[in-house]
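Notes follow once the structure below has been shown.
Which chain is which? They are A, B, C and D, in the order written, and residues in each are numbered from 1.
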Amino acid sequence: MTTINKTVLSMGEMASGAKLTVPVYSIKGRGEGPSVYIQANMHGAEVQGNAVIYQLLELLKTLPVLGDITLVPYANPVGANHKNGEYTLGRFDPITGVNWNRMYHYNQAQITDFVDHLTNQPQAEIDQQFQQLLVGNIEQKLEHNQYGLTTGQRIAYQLQKMAHQADLVLDLHTGPISSKHLYCPEYAKASASYFDIEHTILIPDGFDGAMDEATFCPWWSLSKQLATKGIAYQLERESFTVELGSQELIDLDVAEQDARSILSYLQYKKVIDTSEFVPSNITRYGCYLKDYKAFYSPMGGMVDYLADFGQVLRAGQPLARILRMDNYGDGDALHYISLDHDVIPILHFASASVNQGTELYKVFSKYFELV
Amino acid sequence: MTTINKTVLSMGEMASGAKLTVPVYSIKGRGEGPSVYIQANMHGAEVQGNAVIYQLLELLKTLPVLGDITLVPYANPVGANHKNGEYTLGRFDPITGVNWNRMYHYNQAQITDFVDHLTNQPQAEIDQQFQQLLVGNIEQKLEHNQYGLTTGQRIAYQLQKMAHQADLVLDLHTGPISSKHLYCPEYAKASASYFDIEHTILIPDGFDGAMDEATFCPWWSLSKQLATKGIAYQLERESFTVELGSQELIDLDVAEQDARSILSYLQYKKVIDTSEFVPSNITRYGCYLKDYKAFYSPMGGMVDYLADFGQVLRAGQPLARILRMDNYGDGDALHYISLDHDVIPILHFASASVNQGTELYKVFSKYFELV
Amino acid sequence: MTTINKTVLSMGEMASGAKLTVPVYSIKGRGEGPSVYIQANMHGAEVQGNAVIYQLLELLKTLPVLGDITLVPYANPVGANHKNGEYTLGRFDPITGVNWNRMYHYNQAQITDFVDHLTNQPQAEIDQQFQQLLVGNIEQKLEHNQYGLTTGQRIAYQLQKMAHQADLVLDLHTGPISSKHLYCPEYAKASASYFDIEHTILIPDGFDGAMDEATFCPWWSLSKQLATKGIAYQLERESFTVELGSQELIDLDVAEQDARSILSYLQYKKVIDTSEFVPSNITRYGCYLKDYKAFYSPMGGMVDYLADFGQVLRAGQPLARILRMDNYGDGDALHYISLDHDVIPILHFASASVNQGTELYKVFSKYFELV
Amino acid sequence: MTTINKTVLSMGEMASGAKLTVPVYSIKGRGEGPSVYIQANMHGAEVQGNAVIYQLLELLKTLPVLGDITLVPYANPVGANHKNGEYTLGRFDPITGVNWNRMYHYNQAQITDFVDHLTNQPQAEIDQQFQQLLVGNIEQKLEHNQYGLTTGQRIAYQLQKMAHQADLVLDLHTGPISSKHLYCPEYAKASASYFDIEHTILIPDGFDGAMDEATFCPWWSLSKQLATKGIAYQLERESFTVELGSQELIDLDVAEQDARSILSYLQYKKVIDTSEFVPSNITRYGCYLKDYKAFYSPMGGMVDYLADFGQVLRAGQPLARILRMDNYGDGDALHYISLDHDVIPILHFASASVNQGTELYKVFSKYFELV
């Protein structure tokens, strides 16, 4: 029987002094496999990952665990608790507008410095020293400096400190109204086939503030700089953003399927010692980040979203039709929206009511079979 | 071919001076049947009624129309245009919190006075004078008084002025996440069977500020006061709030079904001269307003809504389960919510994330077959 | 040295399970004077009352206290912690729009019943029994009923239960941008002169859901019903809403002045045994609630508020001028707003940007010297 | 008498189809001086610039104008009309969180290309060609591409297209609660002395998405690249962000002073042919952008802001004190916040209620006299 330890992190204080805390669950493996960090709900409305962590814990109870596993639901309680009307306004700090998943830290400059000072260590030693560098960086940020940290930095850095201590990182998100999809660094493409997710966005080595990038970019950059020096290095760290479907939903039954999909990946990585989990036999499609496009509404109006997710929408077929009753009788009350090339729609906006310029759909504008 | 006229009403001005207008579509009947007023989208996120009005207009184009019909989509553009994050915050004025559908006017006192001054007029004359009284009242409110009108009153009174001029009033709303249902004054119960809607809430003669009440309460009260005086009076005015399903959705195909359901009622009332529309052969259930109950969450948490809409949920069966990951390991992470008697769930809250005390479900706590 | 006890009440839970609590400070008097209940910050942005409670506690430390005093800052942490952009959205539940200060309980019907069952008790006994009735009512509401309580009811009833146990109730609020003013039941007019507040609104015996009404209406109604029965009764319970100035501000120096003003009233009521506090020698003005009028903006625009608070604004003098740059050059870019009679402006809207129909100013439209 | 022309730009459409427009006022000069572009209210709550444009137009009516002047109040009606509770939520798109003043366009890469293709043109010709390049770029962005533009890009690009056609650009903003201050590119430091503003932030050649940067960075970069090639070039284009004081306020009297301050600068630049305007004889202080620091609250609480704007606050002197009534009696209820070095406070947060990590103050952490 697996032992689950629980600790609590302090993530913020509100005006009344109320403290917002985050539970951290950890499982000590047998010390043989890679370590894993899994968090959920960094964006307030994207709650399904909490249910997936629930099901992961329930399943892990009876599984043989090799590597250490840390699981953090409710990663951002400031976001999760920010109701705005009936819904949760959780993509950005409501005071500043800054996206909660764009506040992680990455200092590329110091990697060059690190590589310059390497002598002939074996990889295990390089890995350990580099990890210390990353963790130390974050600790220094977290130590109280005189001008302080923003609300989001305090949260992000505490999470990142834990994530840097793991070999594999999974950040559980959702889209607005969305199919399941995966953000995967290009070098880890082979791992995408172990998740029960049909659509994968392959991301390049660029840092835009997100957790996945903050944890894979340093190692990817390290491996590339070592390569230019002719030093052999096996890049084994991986980070993914797992998009579980739609926001504003909890479904514990679907969460169990998603937990099994994640365990299939962890089994492949030998974090758990089992052969119970078999990835689904589905065709998987990839798309490069530059080809993953947002379509912005050419007009204000009320939208009947027509295109199904995950299936090829042919050129000229409608993504959506937009109702403009103000034009009824003396103009066009219905506008059909389409593109001049085939795409695979992945997600659409959460509301029928849009301004001119609201993001209507996100689509794979170019795609290929992942093998 | 039916002629549709379009006019535009000015409903409000914003800080930049931008004017918010409402299109009003009207069809002149042959002067034989009752007149009808239909509006949609008084609550900003409840947009589907606009699509129903679109389909009604499309269908009415080729139907023989007896009574005058007025249709008002986008009835409240202040609400419809108020985005809050991705969603539309439209149940109440965002500045004051006052529910947009609680600002109509009703002055019961003057009805007694009106009845006291009646002589022996025939009903047609009484109806005409009483209608003049109601319309005159609203006109007086709308005429600029020195201290002005609130944003919501200006909208509500303009709509109410049109509604008072009709015999039949339909106010198209939706629930948050909801099945279709109908608010029907108790005296008009027989009409409920002409809508393709399985669940009807029967409302008593009480005014709480809503459009349906504001237009049927005066006539109901008139008929009751005439009855106490022994004056025969046939109450023929009817008003309904038609709840079309869930908010934040436009579906033009479902809208066509709902338009046909409304036309079935209008055919029954001889507003249109056709026999094309046949109400669905479904079992209809009624519930008195006092038995239409809201269930408030006993705890904060993330909700997996389990109970299906429109079907009897037996005592003890779960309405929902609430996830509390903060209690995992040292408390109950899953809480099942149930009631000790049978209910029919009608709608539930729009988001998985709830505070303690958030309205989770609305249910028929007592119900009966409508015949 | 006065002993201050502290307890903590649980007021709500948020989606992450975070608990919102309220500190309750109580001082046990010598058992000789009336008891007092003081709360602050029921509306989230109206924070200055917390600072006043701070200063009251600091001052009470060294004062001889006769009656029991209970002080509750942060009365509504759900409201206080609800940031919306940079500001606090705290006048109403952000999910439902219901004003937090309209959710208290009052059951007038039971008073008649109570009076009917009185025999010849002395007033002290009547008071005690009636208080038990009121407290018991609230306790019954708070006990978990099957369908639960709304977020706001749970907060309001817990506060009301404490307030019903006191003889004197002070609910500390603020206006948006505002001068100090006092809401005072008409029967307690004499007490208004002990506060350092120039403007008092005299309110009749009507219940609209607020804390002051919820605590004085029952006793007022009791006294009136006893009077109709010829039973002598001395109405000594008093409740006030004290409006401390503008919202979104903490000023500890001003708070000390306001604390002294409140202590002046408590000294008059013999809650504290001192003669240290002397009410300011200022002219005080009264206005009946029906004459306390809101002026709604006749247009959308950007407002330069001109009228000073607390001074008579003569008929025709401008309250404000509204900028409409969209009309510059081909219309009126500046609109001056005035009334045709003298008024005393008390407060104005918090923002320069208004919609048509936004409440611009509240004024005493008729007023008289309070003596 | 100066002729003022008015045109109207279409800036957006909302869900009901309502169009949001922007008035553009233009004055044709005698063709002798530099041209000017002035806009206001890009951030919704920062409305005072509209009043300044009103006063500028009133003053310009009777002034001899040499260069063309374009003035755009209400530059962003989407932001200006977005009320959130009583206040205007206007720093960022409420749907995406993106700061409205971070969406302008700058393509540094093409400058190198432009310089590489220069032959021996005189500066006037270079200027004209470069301006065409900049304007052409924006026009291409604005032409409908298949995937569309975001709401903010559509607004920003339309404004930027006008701004690129002027020699001098003034973007009128305000702080939250703030003293007047100026953002000035380092190279234009001499111009700062012509504004009646005591505090100037000197910004380096870096693009972060703002209007001032978007219009001066290209020319600054051009001049630097020409310098490396040994081509003489006189950099005359200037752009400033003028921070007029606090948001949520309209004051037409203060606006006239600010209009005069701007005219003093325009007189210096020979846009108007007068010597009427004399800059105030005040000491002006500068601070480099890197030394203009935000201080983030170390705790949640309610803040009594103590430090005055514009005056040196000595090391150890309190910026603010934070009230934490939840700690009264068993902790510290009052926390004083200070720094260990002298600073000049420039602005503070708009609300007394802060989360841990909310930006409390912005200060000049190092400063010097501007001469």
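Throughout what follows, a contact is a pair of C-beta atoms (placed from the backbone, for glycine too) under 8 Å apart; a residue touches a chain by one contact, two chains touch by 3 or more.
Here the structure is a predicted model, which is why all the values come from computation and not from measurement.
Of all residue numbers seen at the chain B-chain C contact, over half occur in both copies; the interface is built from largely matching residues.
Most remote from chain B, judged by the distance between CA-atom centroids, is D.
Computed from the mean C-alpha positions, the centre of chain B lies at a distance of 47 Å from the centre of chain D. Computed centre separation for the pair chain A/chain D is 35 angstrom, with centres defined by C-alpha atoms.
With each centre defined as the average position of its C-alpha atoms, the distance from chain A to chain B rounds to 42 Å.
The set of chain A residues that touch two or more partner chains comprises 14-18, 21, 47, 74, 80-81, 83-86, 88, 91, 95, 302, 325-326, 353, 355.
Interface residues of chain A, counted against chain C in their complex, comprise 14-21, 47, 74, 77, 80-86, 88, 94-95. Touching chain C in their complex are the following residues of chain B: 12-18, 78, 91-93, 95-99, 144, 146-154, 293-302, 324-327, 339-340, 353-359.
Looking at the complex, you find that chain D touches chain C at residues 4, 6, 21, 23, 25, 44-45, 47, 50-51, 53-54, 57, 73-74, 80-81, 83-89, 91, 176, 248-252, 302-304, 321, 323, 325-326, 328-330, 333-334, 349-353, 355.
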